[in-house]
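What follows is a group of structures, each given as structure tokens.
First chain A sits with chain B, and in the next complex the same chain sits with chain C.
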Partner chain A sequence: MDPGEQQVLVVIFDVSPVWWGLKSLQGQAHITKFFDSLIIFMNSYLMLHSDNKLAVIASHSTKSIFLYPPPQAGNEQNSSEYGDCRDKHFAVVDNAIISSFKTLMSDGCEEKDMRSDSLIAGSMANALCYIHRITQELESRERASSRILVVKAADDAASQYMSFMNVIFAAQKEHVVVDSCVLGQDSGLLQQACDMTGGLYLKVPSQYAFLQYLLTAFLTEPELRKDSLVLSRTKSLHSVDYRAACFCHRCLVEVGFVCSVCLSIFCQFSPICSTCETVFRPSSLVLKSRKKRKVPSRSSSPCTDASIK
Partner chain B sequence: MLIMDEDNEKAYRWEGDYEKTWEALREDDSGSLQASIDAEINKAKKRRLLKKQRKVRLGMMRHIFIVLDMSQAMTDQDLKPNRALVVLKVLQKFVENFFDQNPIGQLGFIITRAKRAESLSEMSGTSQSHIKSLMKLSSEITATNAKSCTGEPSLQNSLELAEKTLKNMPSHTSREVVVIMGSLTSCDPSPIYDTIEHIKMQKIRCSVIGLSAEVHICRHLANETGGTFGVILDQTHFVDLLNDHIDPPSGMATDSSLIKMGFPQHIPPHENGKVSMCMSTKQFSVGGYYCPQCQSKYSELPVQCEVCSLTLVSAPHLARSYHHLFPLPQFSEIQYARYVHQGGREQNCFSCLKNLQKGSESSVHQCNKCKTIFCLDCNVFMHVTLHCCPGCINSRCEI
Partner chain C sequence: MNGIERVKLECKSLHQYLCTLPQALLESLYEHPATCTVVFRELPQLAKYYVMRVLFVDKPITKVAVTSWATNEARSEHTEAVAALCDLHVWNEVILPGGVSSAYSLSFTFRKNLQKTLIGGGESWSSTAHLGPDKHAKDVAELDKYATERWEALLHFLVGSASNSAISQDLQDLLVQSGLIRVGEEDGRRYTNITAKGFQFLLLDSGSQVWFFVLEYLNWVRDRGMNLVPILRFIFELSFSSVGKVSKVCSLPNVTWSQSTKAKFLQDLPTDGKDDRVLQCLQHFREMGLVMQRKRTSRRFYPTRLVINIASRMQNSSSSALSTGFIIAETNYRIYAYTNSELQYAILALFCEMLYRFPNVCVLQLTRESVQTAVVNGITADQILHFIRANAHPDMLKNDPVIAPTLADQVRLWAMERDRLTFQEGVLYNQFLAQHDFEVLRNYARELGALVWENAAKRNMIVTKDAHDQVKRYWKRYKKESGT
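Showing the complex of A and B:
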């Protein structure tokens, strides 16, 4: 759109060994097929503009690894002989991604890697740092529009909630859009991330739809989606659950009590906060109830009159 | 707009007062200035990190009135293009930062000119409305060529106007006033010492930022009510003084209590096609947040329910404050040579892949928990914006 604007895209690919392993055993999906689609998508993205910047992060269950750019960027290898008619630039990118992906896949899994969730939050934190660096390195008059595309397979993990929230707020502050393409179960955390950063959240029904979804929905830059009827509508279709869970029983609450010192949420009143051990002065309770009575009586008199008539 | 964009690294010397930039720069042996420039930048970054280290205390339901002097004195051009425009511009940034750090806090703006005090924008928790009225005021000033800044300010009238709203705020919240004063005089209808005494009784904390010089009554007001007093040196210093009010004041006497809050669910427009009125903006719309107690509708959170006075927030609003509770510990800085000596093998920053060997900073920054190493830029970014360590998340260190 704006020719001076540079696009930065970080793709996060969930490579959870447990999820992909199960799917592969059931014959439902194979990671390499999805990976191929992703490569096509990334090539298409690079083709849109020669300046487009790309990074790819693999999110494993115990590590998150940059597949591209390779860590030792700088020593350009002699990349002229690739034999096929691919553009040189694409060939370099593809080969780098594929070779680091192969290394990752052949590394194998240990006992400790057998977890049902992936380190999406950690990968997103790395993505934000990388985007931060790229935007810092830009010339002062150039602007960047950056986004993160999360291709998520495994389930959400409650243990990552806090870091996930921190990452979302940082993304929001840095004007980074978070898109997510979910292969497995719906992810409440990613729904919130997309909603809060103005990104697109899509659940892919099957392997065959994956590439089509990538190319039709996620190739379009966020700024241009606003003008597209279809793409701008999808965002509001999901109702995002912003309810809070209490710290004491982990149940969702509509009305709760919040400690004014540490903002912990409780579903019932208790005289002492279990998180920060603040003792709530009984006087503050009395004050509060007295105030409650006072406020409506002061403001409601003209109001109720009007409503009766 | 003529004002420079001082958003980011305003503390660079050549952006601050450009008359003296060369004094800080020294050529190196090869005659290049680059090393010296980089050293200056790194110093500024480190200063920003140190500032983050201060302990924050969480009296986080904050209510602040900002009193803006819009009198004749604000047309002074010691800040370019003039004081009023610079203050308004800086305040817009402040509003954003404030709500970032105080998600369930509230701000209000009062302007004082021609011996009067009037409300510029009411006490509320939405940044957009404040920024809009600040922008409106600044375009008004540009359009009238600062003719709208007239007469003398009235400290007393402003304080009384602020008090009227603040005294209704619940006792567990903080009540604060920040006065930005350009004038050296104040025109008050009755003895101001009585007002100050009164303010003190209401536990309202008043701070004053002077744009010209120290005024006795301002210092007295700040001292009496437990606030801070400062006179600015230049624009950067003004930003610093103002930003001191972003973090909750430490040691402030606020009652701790358990506050009842509602967490409304968002009903998207297509699910409930009925048009209803948003109780805070008084505008009709489809969908929104419904108060779980009385079912009145709001289009934005956080808000205090107009009908049943329940505070309505969403879970992410509270989550936004968690970094106060679990601050990211400082990283330690190690010389790269020493890091290698100790057996470190990483050559690149873990998060942004920047090569750590070359470049002006020959040191690495290590998280003490997960032992991952980062570059200086990422260190600053993690402590100022991200509030978590990617290395710790990735190695699943418990916070």
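Showing the complex of A and C:
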């Protein structure tokens, strides 16, 4: 909790057109309301310390876009646009975010965008790259504590499982904490991400409480949160869904086949591993027994899943 | 070191300073969003989150609930945070209508203005947009030069070096009041002398110096019965004008700063008394080099790097001097100072004798006389050594210890020479008629621990002043007893 330590926060906002459209039609939630709350939250974050760094990524169904810092202007915009006073600085940040959000919204979506999920994994990868760059730039100074906050609306897509896992491992290695705030259904992937990186996973029940949730739980630094704040009565995260997705059909499996060479997971037996092209030519007996060796259903992490074979 | 006044220069943090202000004053300070933000940033970490947590909760929070926010391990931090919030009257204790439990509520003005900062609204901050571009725009180098010049003029005055850049009466008063200089009169001529505090002040890095000075300035303003609020507000706004750029300037050294140092101007200055004071304050700051204004009547001014230093000073109190050292001190008591700064020469001349001067270096000699002159002026040997160590040349820093022991010891010894005599008040007892009388009284005084000196042959003894009465009483009783 060194006060001199710099904080980097990347907020990923899920703007899946299908989910928000449905909610809006049902009159349950409006993306603008959530977006307002999010902006206040980001301002509060910036207010905590003048050195705090922020980036915002919108995660669309087929693309992820940096809302802030604006990509086209790059660095020079950053430095010259920091206003004269804090209020202005907020205004600059807010305006940049809002204008790029507007552009994103008015661009509309095409046929191919009509998917029920959004590119969370891609956005997270972007976020990690951004954090990496920032920390490289600050090399000479003390280490920055960095964090990703995912505000997720749409449902999980098993097709993203692979990239998601890679992102999680990368984050773990870089000591980036992943927090997630889920608006829709529980997300197994994000639960895993938060659990493995020491982040906080919360499901927000109503849109009116969204800001309060953000300010109470997600404003705090992970270290402080762990050491000194009580955020929930129940200590442990209830049942994290650690199921892995198979490589062949991208469906979540509890029991599956694992390639002994590259540890790929399959829901059906195939004689040639599709990932590393290892040919399995055991006798039918061994093959049988191998078939029966099953992956234990709920062990602590996918790594161990795979290594147990 | 008994004869010398021993003073410690204390430099409060902003938080400590604000705690000394009365509640009404704080409340009126909170009327301004910038102040709220500054105060908010100064809070302990946990306290910041507590404020954020209740910012949009209008009801008071019961003490029990507040206690449950922190884990048991963080109990001390929690208490500290709550205490800080209450000290600054950001949180006020209230009794709930039920009357059973007391609760904390966030100060209304503070809440309102912090919300304003976050969400927007309220009147806009001052800007120079309506003035159009500045014809005489300055760039960073010029601003820096200006700031350094002004600040060094002040320090020059402090060290009393002959310098043609005199400073105004107001600042002189301020220096005297803060105890950095002493004014005396000799042969009808006023002269100023640096005090021990002043020397300690010189040893600080410029960030701390500015902050100390601003604090003293505030006290000075307060003593004159002026309204602190607009001035504090002005200072906060001023420090904010640069906060956003501090990190930028540090991380991207090549970025030209002039663009971001957009001129700030006090917009729409009405001519009531309050804002005249701010203008006066602006002139003072201009003189110190904290802000740069082209002409007294100019309608805009630029904050300089010194104000940025205030801001960063408020955030981390242990900012170290960034400039590299320039002093090499040898065991033959010679000091080589690789600098062009007149000011540094003047500071060194406080305790050294100048031997030679070259364009980029000067050679000085530490002598017994020079050190003792310094000691007479209230500078201690430790301060001299600290100054040398703090400004040691990188080559000298390779030594371990940095200052050779012989040199350090000798400086201390020279300083201690001043302390050979200690003065103690006492009462002389003499003209004892009998050796026995003398011995009885002497033994009694010795048992008391009050005997300062004795001469048995001449039957003289000196007793401390405190014990005089007691010894006298004993003597009278003794005489009476022996007489009867």
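The working rule: the second predicted complex is superposed on the first by the 224 of 309 C-alpha atoms of A that agree within 3 Å, B and C clash if a C-alpha of one lies under 4 Å from a C-alpha of the other, contacts with A are read in each partner's own complex, and residues count from 1 in each chain.
As a working rule, a residue touches a chain if its C-beta (ideal position, glycine included) is under 8 Å from a C-beta of that chain, and two chains touch if they have at least 3 such contacts.
What you see is a predicted model; the values in this text were computed from it and never measured.
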First, second, both or neither for A:Cys262, with chain B first and chain C second: first
Chain B versus chain C as contact partner of A:Asn43, first or second or both or neither: second
First, second, both or neither for A:Val93, with chain B first and chain C second: neither
Partner chain(s) touched by A:Ile31 [first = chain B, second = chain C, both, neither]: neither
Chain A: partner with more touched residues, chain B or chain C: B
Which superposed partner A:Leu219 touches (first chain B, second chain C, both, neither): second
First (chain B), second (chain C), both or neither touched by A:Leu211: second
Chain B versus chain C as contact partner of A:Ala144, first or second or both or neither: neither
First, second, both or neither for A:Ala170, with chain B first and chain C second: first
Chain A residues touching chain C - in the complex, by the definition given at the top: 1, 3-4, 40, 43-44, 47-51, 75, 78-80, 82-91, 94, 137-138, 141, 211-212, 215-216, 219-221, 224, 227-230
Partner chain B, residues of chain A touching it in the complex: 62-64, 66, 69, 71-74, 119, 121-122, 125-126, 128-130, 132-133, 136, 159-163, 165-170, 173-174, 192, 196, 236-245, 253-263, 265-266, 269-270, 273, 276, 278-281, 283-285, 287-288, 291-292, 295-296
In the complex, chain B residues that touch chain A: 58-61, 100, 168, 170-173, 254-271, 292-293, 309-310, 314-316, 318-323, 325-326, 347-355, 374, 377-378, 381-382, 385-390, 393-396, 399
Chain A-touching residues of chain C, taken from the complex the two chains share: 33-34, 37, 40-41, 45-46, 48-49, 52-53, 55-57, 68-71, 73-74, 77-78, 117-120, 125, 127, 237, 240-241, 243-248, 250-252, 255, 259-260, 262, 264, 311, 315-316
